Structure formats: C-alpha cells, structure tokens
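In what follows, structures are represented as structure tokens.
Here chain A shows up in two complexes: once beside chain B, once beside chain C.
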Partner chain A sequence: MAAPASTYKDREFLAVIGDEDSVTGLLLAGIGHVTQPPDSQKNFLVVDSKTDNATIEEAFDRFTTQRKDIGILLINQHIAERIRHRVDTYTAAFPALLEIPSKDHPYDPEKDSVLRRVRRLFGE
Partner chain B sequence: MSGAGNREAVFPTRQSLGLMKAKLKGAQTGHDLLKRKSEALTKRFREITRRIDEAKRKMGRVMQIAAFSLAEVTYAVGGNIGYQVQESAKSARFRIRTKQENVSGVFLPAFESYTTEGNSDFGLTGLGKGGQQVQRCRETYARAVETLVELASLQTAFVILDEVIKVVNRRVNAIEHVQNKKQRDTAAQDVEMKLRREAAEKAGDDKENETSGGDLLGDEEDADVIF
Partner chain C sequence: MSADAVPNTTIRLSDEIDRLLEQYLQLLDQYTTLRSSLSKTQSTIYQSIARANFSAERGVRYGADFYDERIQATRVCRVTVPGHINSENPTGTRTSAAAYTVVSTACLEDDAASGMAKKDDIDPNEKENARELDEEKDNGQAETKPRSRDPIRIFGVFVPPALKLAQSEAVKMIENIIPKLVSVDAEMKEVEIKIGRARKHRLKEQAKLEGLDRDAASVG
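And then the complex of A and B:
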C-alpha cells in the first residue's frame, strides 16, 4: 500500500529550479551537486526571462522522473506558474515537489498545487 | 427480500445458513477494523494538513529573510556572486536521508537533513571582502533549507496518506454496501425459506408449540422469583 523502500532509499539530494538569486542562496547552503563525468549532471537550473518553457519542462522531467537520487525538488513559484499544468498533474510522492517564493515574487498560497489540493479536500 | 442479483450463489440449506452467518460476522469484524484504521489515518491526515498550512507560511517568512541576507552579500561583495557559486558547486554538503514512521500500518517516509563533513565549497567566495556576510548568508540559507526539508516531509506524508485513505475508504464502503448487503440478504432469504419449509412440514402443530413455549418461560420466571 505504501511506497516500497526502494523508491526513496537512495534519494539524498535536493534539486532546484529557480531564478539566479534563489539558486545562488540554496547553493550557498550547500545543496549543489554535480555528478561524476562523463555525463555530469547538475541538480540545479537557473531560469531567467530568456529561458523558454521547454527547457524548464525538460529539467522538471529530468529531476522528477529520470534521476532517482533526488528527494526534494524546489521550484520557484513564478516558474512553477509557467509550467503550471505539469506541476498540477504531478502527484507522485517522490520526489516531493515544493513551491518556494523568490525575492521578486512573494509567496501566494492560492497558487500552490498542494495547498489547493488541501482546500479542495476540505471543501473550502 | 431483493432480487436474485443481491444473493450469493448458494442453496438455502441449514449448513449454508451457518456458513453465511459466519461470513457475515467476519465481514463485520473486518469492516469495523478497517473503519477504525481509516479514522486513525484521517486524524493524522488532518493534523498534517494543518501543519502544512503553518509550515508554508513559515517558509514564506524564512525565505524572505534568506533573500535579504543574500542581498547583503551582494552589497558587501560588491558584485553578483551567482556565477562563481554556480561554477564551484561540486558535491552536496547538505543532504537528506529518509526514515520511516509507521501510522496504523502505513509507512510514512520523513526526510531528515544532514551535512557531510569536510567539503566546504565556495571557500574563496567573499575572500576579498564580505566574507562575514557570505558566512552569515550560508547559515541563513541552511536554516531555510531545513525548514523546506521539514515541509517536504509533511507534504510527502500528505500525498501518501491521501492515497492510502482513499484506498481504505473504498474497501470500507465496499464491505458496507456490497459484501455485507449480499451476505445479509442471502442469510435472510435462507432463514425465510427455512421457516417456510418448517411451517409446511408441521402445519398443524405450530400453535401448540407456541403455547408450550409460553408455559416454559412462565416457569422459569417463577423459579427466578423464588431463589
């Protein structure tokens, strides 16, 4: 009934999709990880106004489905907004998807996919 | 008495009546247990939802503070350190591990953060100036990430519990509305048929039996009063 241990045993990293400031801050905290070459992959993606949605979606896919070592995916709320349909349809338990506020975009609980689910469950 | 659709495929004999009754009893016990499990999970679920709500608000505040400390760094260093930091990230110092908690037979994973010793990247960031601010910023962000990890645990528990509760409730309802009803109907039909058959067998003796039954009851009452 619950998820088997193999689905989350090896998940030890956090990943982040965010604007430059958020990513820098989180990297300063020490979450940055680059896997061994030859196919070295970063666990963070810096998104600015020039990044197109396909790149974000691709990174989202990579962090959520392809990589099995990521336990938590942090994504800036205004970026989540750009791929909202993907974020809303994401229901898996692992990795956990967290929408975080950014410096320029304060946190809006109304947009959060999980909080919206909470509200719907309690019929508010 | 409902139609043949609500009936298990058994013949109305005394033996199958006994079997049916035993089955019904088992189903009821199972139903009670599942119901209790569902309630325990729901209680936990509500608690988690409430804590998620709080944690999300807390996260908003914490991230605001963290962003401010980063702004301090940018000011003190006198430039953007983003590029430097991104390029020097190699191995994660801040990692998470998962542990399990058992709530009424459901394993809820929880994240726990830990820092690996020994590798401090960005050793040279802010060497020229603003080293103190960089250090403070790192601490602030580490605390912020801890809050985020906590929130992620809650959220994972939320997602899993949501799913499990749905499954359990579905089973409870299935027993309540389909299995039990079917078995009850079968048992009821059986009883009815048995009575009818017995009535047909000894049509004349019924009244005498009832009166003698009444006399017996009366005797017992008398005896009780005496002792």
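And then the complex of A and C:
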C-alpha cells in the first residue's frame, strides 16, 4: 500500500553527511540549506578525521528521524561504514538513504547495502 | 479444494516469482549502470575541485571555510508515491514505490508565477492589486539589488573555471543520477517484498500439497 502523503509531501531537501570535497560538490549543485534562526539547522555535516562517531550518529538521527523536511540523505560510503549498525538497521521509507563514494574511498560494491540485499534475496 | 488445484496454484506462483525476479534483475541492471555513472561523475567533480584548489591563491581552499551560514537551497527534491509507471522499465509495470525528482527552485518559482498569471486573467481586481504590489516590489528592488542565488557565489565572485566545471557536473549528478538511483532502490525494495510474499505463499501451498499426498498415501 502506498505511504500516506503526509509522510513525504514536505520532504524537499537533500541532506549530506560527507567529507569536505563531497559536501563542497553538493553545495555547488545548490542543495545546501540553513533553516531560519533561531534554529539555523544545516542540512550538511562535514566529517573529517577528528569527527567522532557520536557526532555522525547524531547527524544521521537528526536527518532521518527528527527533521521531516529531508527527502534524500546522502552519506559517503566510508562514513556509513563507521555507523554501519545504524545504516543497516535503517528501514524507514523516508528519507531515502544513498551511500555515495568519496574522493579517497571509491565505491565498494561489497559494502553497498543494496547489493547486500540482492545477495540475500538470491540466497547467498 | 481439489488435489489438482494445488499444483496449479504452485505453478502460477512460480511463474509470478519468475516474472518478479526478471523485473528485479532489470532494476538491478539500472542500479549498477547508474552507480557507475555516479562514480564517474563524482570523480570528475573531485578532480575539478582539486584543480580549482591548485589554481587558487596560496592558502585558499574551496571548502568548509567558504560555507555560508545563511545558504538557501536552489535545488529541492520532490517525492511522489502514486501508482506511477516507471519510464525506465520497458514493461511499464505499475508500482507504488516512491519516485524522486530534483528540481531547481527557479523552475518552481517560474511555474508559480505562470500560475499567478493565469489567476490574474480570471479576476481583474486581483490583477490590479498584484500590479500595485509588483510596482512596490520593483521600487524596493531598485534600492537593493537582489543577491545572486547561484550557489557558486559562496566561493566568491571570481572563481576558477575548474570550479564551474565541478558545479555543472554536480548539477548533472543531483538532477539526473541521484533521484533515479533512489527511485530504483525504492522499486527494488518493493519488488523484494513482493518476491518474499510470493515465496512464502508458494511454500504454504507446497506444504498443503505434501499434506494431501500424505493423507492419500495413508488412505491407500
């Protein structure tokens, strides 16, 4: 059965959790958005070697659970690896979650959650 | 239920599963093709950003230091969940999976403006009011020039051509590849559920059939 419109109609932003170059590229495309003050919530998080996993998890929660205006969440595959337990147990229909490669970490099909589902379906 | 009806149901379910698996493999093919396009496009973006950083003044890096705290999205996504027909799918199978598109807010504003124009044709009083409002707006705009909404402006007015190339590739990625990838993923999830249900149903039918065979053997 199709999801009720109330669960997706206001989801207009793309959010990103990624390294600096990934976020820069996506901001160049015009997806960057900061909500009106006093909240001033960003829809992007730049992750570097100093960012701890708790911060990544918190951003993941904020974009997937708390905020109702995010339609697609993009996350670098190597960052998704750091919170793999959260990413693999995420089953909500909205926002859609997509793991994308980064400059230093090319796409690895072995880690792709979609291809893992495919392998499961075919009994591997 | 007759004993003959059970195998027929099992065969019908097996055919249904085969059909769903075929559909699933087509989606998987689309997914892997889009994945490879995404990797290629992203690699061009990263190379272009690296070139822009290389050509920038000493110490300047096109990155987080430039991000504007008041940035507003110029591209937004639209989610629709009707019983839409997937144009990528040659069989045109109906699906209730979410379909995603990414559009420029400028296009949305143009659509809204053309919608307003149509409305104006209907009500002459409203048209007059709107004209007055427009005049007021124009006077206001004459005093303060509207800020460019091009997101590349957060990195300055004069940016290297490599950064512009990165932007055009990023737009391509965000408008053409990412929405298709997430739509295909949503469709794959839906087909997975259908396959799971059909397999479960077939198992039940097979168990029923085995039960009937056992009963027949014990009677014989």
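Here is the rule we use: the second predicted complex is superposed on the first by the 123 of 124 C-alpha atoms of A that agree within 3 Å, B and C clash if a C-alpha of one lies under 4 Å from a C-alpha of the other, contacts with A are read in each partner's own complex, and residues count from 1 in each chain.
We take it that a contact is a pair of C-beta atoms (placed from the backbone, for glycine too) under 8 Å apart; a residue touches a chain by one contact, two chains touch by 3 or more.
Please read all numbers here as calculations on a predicted model, not as lab measurements.
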Touched partner set for A:V114, first chain B, second chain C, both or neither: both
Chain C-contacting residues of chain A that also contact chain B: 1-3, 5, 8-9, 11-14, 20-34, 43, 46, 71-72, 74, 93-94, 96, 98, 100-103, 106-107, 109, 112, 114, 117-118, 121
Complex interface listing, chain A residues touching chain B: 1-3, 5, 8-9, 11-14, 20-34, 42-44, 46, 71-72, 74, 91-94, 96-98, 100-103, 106-107, 109, 112, 114-115, 117-118, 121-122
Residues of chain C that touch chain A when the two form their complex: 24, 28, 31, 35, 38-39, 42, 45-46, 49-50, 62-64, 67-79, 81-83, 96, 98, 100, 102, 104-105, 151-152, 154-155, 163, 166-167, 169-171, 173-175, 178-179, 181-182, 185-186, 188-189, 192, 195
Chain A residues within the chain C interface of the complex: 1-3, 5, 8-9, 11-14, 20-34, 40, 43, 46, 71-72, 74, 93-94, 96, 98, 100-103, 106-107, 109, 112, 114, 117-118, 121
Chain B residues within the chain A interface of the complex: 49, 52-53, 56-57, 59-60, 63-64, 66-67, 70-71, 80-82, 85-86, 89-98, 100, 105-109, 111, 115, 120-122, 125, 134, 137-138, 141-142, 144-145, 148-149, 151-153, 155-156, 158-160, 162-164, 167
